[in-house]
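These are the structures, in structure tokens.
Both complexes below contain chain A, partnered by chain B and then by chain C.
This part shows the complex of A and B:
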């Protein structure tokens, strides 16, 4: 009799070393260290708390709940001008020559004559007298010739040159249904089409007439800059009206104060209009334009102001991302990790994916919460908040998450290269945050400040810029005023470039060196 | 105490990274300072800004390197287990951070003196200027500032016993306030923060002109930083005394 002994065979399936298992392993490592996920939660909380702290301080004399008017596209706008108007029902046109455009500037001790290059005098058709309503206008300006502008953000150039008695500018607006067409002429005989504005759903009855407005002059000084009130006065000859104009007399009124970027002077405290023969003399201040950031915005909070806590979250996340790899070296876990997964480059990728996803999620959550909580709070304190179109807001919030993820991956990769926590954290924090501080503090001249925000990882903060640039709005578009030298995604790409470069070096060293 | 000092000096001296970090601190300080000064426009009426202060901008970067040095001076003892040997030999535990503090201050002050001198020379602000009071105060103050940053880092790292957390806390404490101050709209709050935040208050010592417009006077500002450093050291010493190592 023979008896056979069957040797023991495990019923468990063979282990797999696929990338999914590797990701799972790295995720388990992250998840099971209490200090790391608790630290990540604290980082998200820091984004919220520091953001609220930074934007909750003090209160402003502005009326509670007041915000900036919003234009048809959802953007914050200034809609402040002296308006001499009648109603126009249905189709029609207005034609008027502007014979002079002068102004007064508030000096240190006295007022002198002069104009802001973007002062505006011309004809306008506007849906209603409420701020932010759709409009189209043709205007003369002191420094930029004739312009046709509509719906706040659109700007088309007409005849160049300033208005003088010898060279008056003839302006014409023609409404036909939803479209308003602008023309200009140097002598009133031959007319040039400037542009056509489509204002979908424009009411059949609109307010139309003459307007004058002038933004303040912005002076660039080394310490940030300042504004100097400017007021413009224009002479119009008799307006020619065609179509369904009302028979009432012309009414003059200042629409919506002087806005964020305009101001009357000490001696000229309101706008006004007088009839001179068959024509008009109109004086006004303010602006019809999108609101831009920095000095032209005045007191108020932009989206990125609420995200100041991101700097606190950033430091905490850099610490965690660094420990995620240096901890392996310190505890010798790296030996096990590399034994289990001999293809070392994949380990690095799995680690980067895990820490990148976690920081992205935590950063996005923190950013969304602080904006959600902070904006109503700031408005209740009397600070207007700078509203931006939804897509811009989405880019800023998601971009904040990506910015933090890229910084975390950068720290992780440097951690592989240097294997020590303190230098990695110091390097990443110092080269990310310090250029931002130096670049936006206004200590450096614009050139070097912009250079810093172009070539260092701090370029990534450009993704948070919510304030727009408009060539037709005078402002100081420099880093201290919230304007980055690179476009949002280009700036983020610089930071990602640093992270990827570090990852490449890390992968090479990880393969070449003994662990 | 003399033995403790001697031991700490030996530890710091024999660590190869010490020399590299000190050298690195000097280089980045001088390099950033030179970069900033070379970018500032000067004309017959003078320069945009305070030339002494601008040429010492590098301190803002150099302090990060000093923070690495000071944090690892204590945290490496924890990561290697050396701390148990150390406190067996020095049973009066607070003497350990005290001895480390003395050694660090000497080393950091020496390196910072070179860095500050180098920055001022690089800023074309050569010796004659050093004789006048404000510049001398800025130079001496910057050296003290760096020493205080080392003490702050040492205290914080003793309290948290970990190099990563320690570095994170110190750099967060230094760099966060300037960013926060820029966002705050209320001038009163802004001023208060500038008076109590370690970096903005401490760097007031570098100002040489327009002192009456500063949120805090130079020496008082350095005093604020000293208070932060003292609090951190006190906390670190206390925790070292109370906890198991």
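This part shows the complex of A and C:
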């Protein structure tokens, strides 16, 4: 070339090399390798297939299409108790002393005396006899003193201590319009207000009276525990009624069977009440409470039960996310990448956004499909499905996508740090998938299982928990029963913390190291 | 080359492209196009897609991708997976990538590797035409004979040091000066006669001698006098290899390895 020649000027035409173009380039990279997008589709398919297989365990005796009753808030509830009732129209009150609360527990070979700590005996005002209708109640319990509970999820403590002949518990409910107020008293003379329930739109005429119920006893074991039927019997003195009570006789009936968490015993197969000169003796089993997951739920499927295949999809997605970067190192394509886009931190962010979005979309699609297909299938087989509010369902499904996306970004960032596929895949699977399986399968005792699901990236699986925790419902709230030690978003934040930390280290190394 | 492209950091000094560090270039492919490693590609991706993602990063579209594919003669292989390409095809694909941004500077590392004879002819004329557009084309190679026909300016680097830096014509001229090739049926006699003069003589093949330090007429006269038959005498056609050998003479230690590397 001679110096007389005019230097060449690029004819490439206008264009930018901004972040959008970089994203486009990384997306083009992903979509043009068939193994990757086909693998991603297979991962979503694995979520669906493993989920359907895991929830297709034969059929259950429950009637096809049956679901759990829903409370006023839409939550699944048990509404099962022996109810001795009359109608009350307009305002009014009921006052009654509970003088004893005992029970029978179904032992291995014989039945013996004893009570479930959350057995309930008290007074209740309930809109109707239909399952899940609004109510307010004040009750004595063997293990938790007097409580005022209403609309299934609300629970307020009253006088502590158990009921004995020497220490009866006086209970009172007062209706005034939409509000029902609960009181208790140790001697029937000085009364303490426990709480006020506001039941908007409560019908003018309600069913009111005495009730007894008792959930089964739950025994702990690693695998999730077992239940032991328990029945409670309470003696009430003559109730004092004020207001528009009907003149009919008291009617006794079991509402809602024994529910998911209660059971009559071999010898006491049904609830009953007897009336004597001193009052009423009522026997019942069941529970008036929100349904929780795990052993207390009984047969049935929660939302997360359908997502049991997510771990399988996660393994595949970790592999793809890793190869998305380590493949470039292996083939020295990273040089090309960093030559066309020398701003390295942005390259990493673009790559993370692409792999994160793809895994989010595939995970969300897989989760939505398996729930849409699995729930009707399970209901047709006679298994009730645990329904949750729409926002919770959205959180679980979108959270599953986020969980997979965060794990994929974590793998990608480790891929930049280590530059080799095998160790990255091994590490991410070992600290994300393995603790999840160990923690939730009941292989480990509850303590270590909860510890694993708190500090490892597997904590992110908490985002899938749809089952609620209620301290007033006896259950084994451990990982094998679907209960994570961290709140859903806190658990996801732990996983995201790992991903972000790895991303920060990866960005620093990528900038500093020779490519 | 890796330092120029901002891939590695320099131990000393700095590399600028058009006055700027590579990492601060906007749309770098429109400033400089490089082929470092023709094997650097995802085997499952087609040739077209391999170029497409690079084009996208510079805000370029599929049209430019198709243009460069036909420039390097890969239009018929555009939708084939690059993993199945021969080394020669990969070289063409790499050159196509370097051309995406239509840059004024091209930097190609060993572009002749793996080419078939047709490929050699193609790349020589292609590189020459790119340079004729007014582009600077920087080629690194061990194949001296290829450079001799294509390059105009030569930098010889050995052991990380610049050994020579000049135009190919000057370098060849410096080696070719007063050297003669003699073909004779009696090389031993000719050698005998000529070594008695101040000339340096060496055998370069059967019946072939290379003579320096003596003009052609003098050689012919001397040999005629002694009755040594001469088939042909000509000015020696210097090769870049000769120039290289001559220039690296001082670094004897290095020469042995360099020659080895050429084979």
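Quick notes on this structure:
As a working rule, the second predicted complex is superposed on the first by the 494 of 515 C-alpha atoms of A that agree within 3 Å, B and C clash if a C-alpha of one lies under 4 Å from a C-alpha of the other, contacts with A are read in each partner's own complex, and residues count from 1 in each chain.
Just so we're on the same page, a contact is a pair of C-beta atoms (placed from the backbone, for glycine too) under 8 Å apart; a residue touches a chain by one contact, two chains touch by 3 or more.
Every value quoted in this text rests on a predicted model; they were computed, and no experiment measured them.
Touch criterion not met for A:288: it reaches neither chain B nor chain C.
In the superposition on chain A, no contact is made by A:138 with either chain B or chain C. By the touch criterion defined above, A:50 reaches chain B but does not reach chain C. In the overlay built on the shared chain, the residue A:163 is in contact with neither chain B nor chain C. By the document's definition of touching, of the two partners only chain B reaches A:437; chain C does not. By the document's definition of touching, of the two partners only chain B reaches A:429; chain C does not.
In the superposition on chain A, contact of A:514 is made with chain C only, not with chain B. In the superposition on chain A, A:322 makes contact with chain B only, while chain C stays out of contact range.
According to the touch criterion, chain A has no shared surface contacted by chain B in one complex and chain C in the other. The residues of chain A lying in touch with chain C in their complex are 1, 5-18, 21-22, 24-26, 28-29, 32-35, 327-328, 331-333, 335-336, 338-343, 514-515. For chain B in complex with chain A, the residues that touch the partner chain are 35-36, 39-41, 48-49, 54, 57, 60-61, 64-65, 67-68, 71-72, 75, 79, 162-168, 171-172, 175-176, 178-180, 182-186, 188-189.
Listing the residues of chain A that touch chain B in their complex gives 50, 53-55, 57-60, 222, 299, 301, 305, 308, 311-312, 315-316, 318-319, 322-323, 326, 330, 383, 420-423, 425-427, 429-430, 433-434, 436-438, 440-441, 443-445, 447-448. Within the complex formed with chain A, the chain C residues making contact are 2, 5-9, 22-31, 34, 36-37, 39-46, 49-50, 52-54, 56-60, 64, 97, 100-104, 131, 133-136, 152-153.
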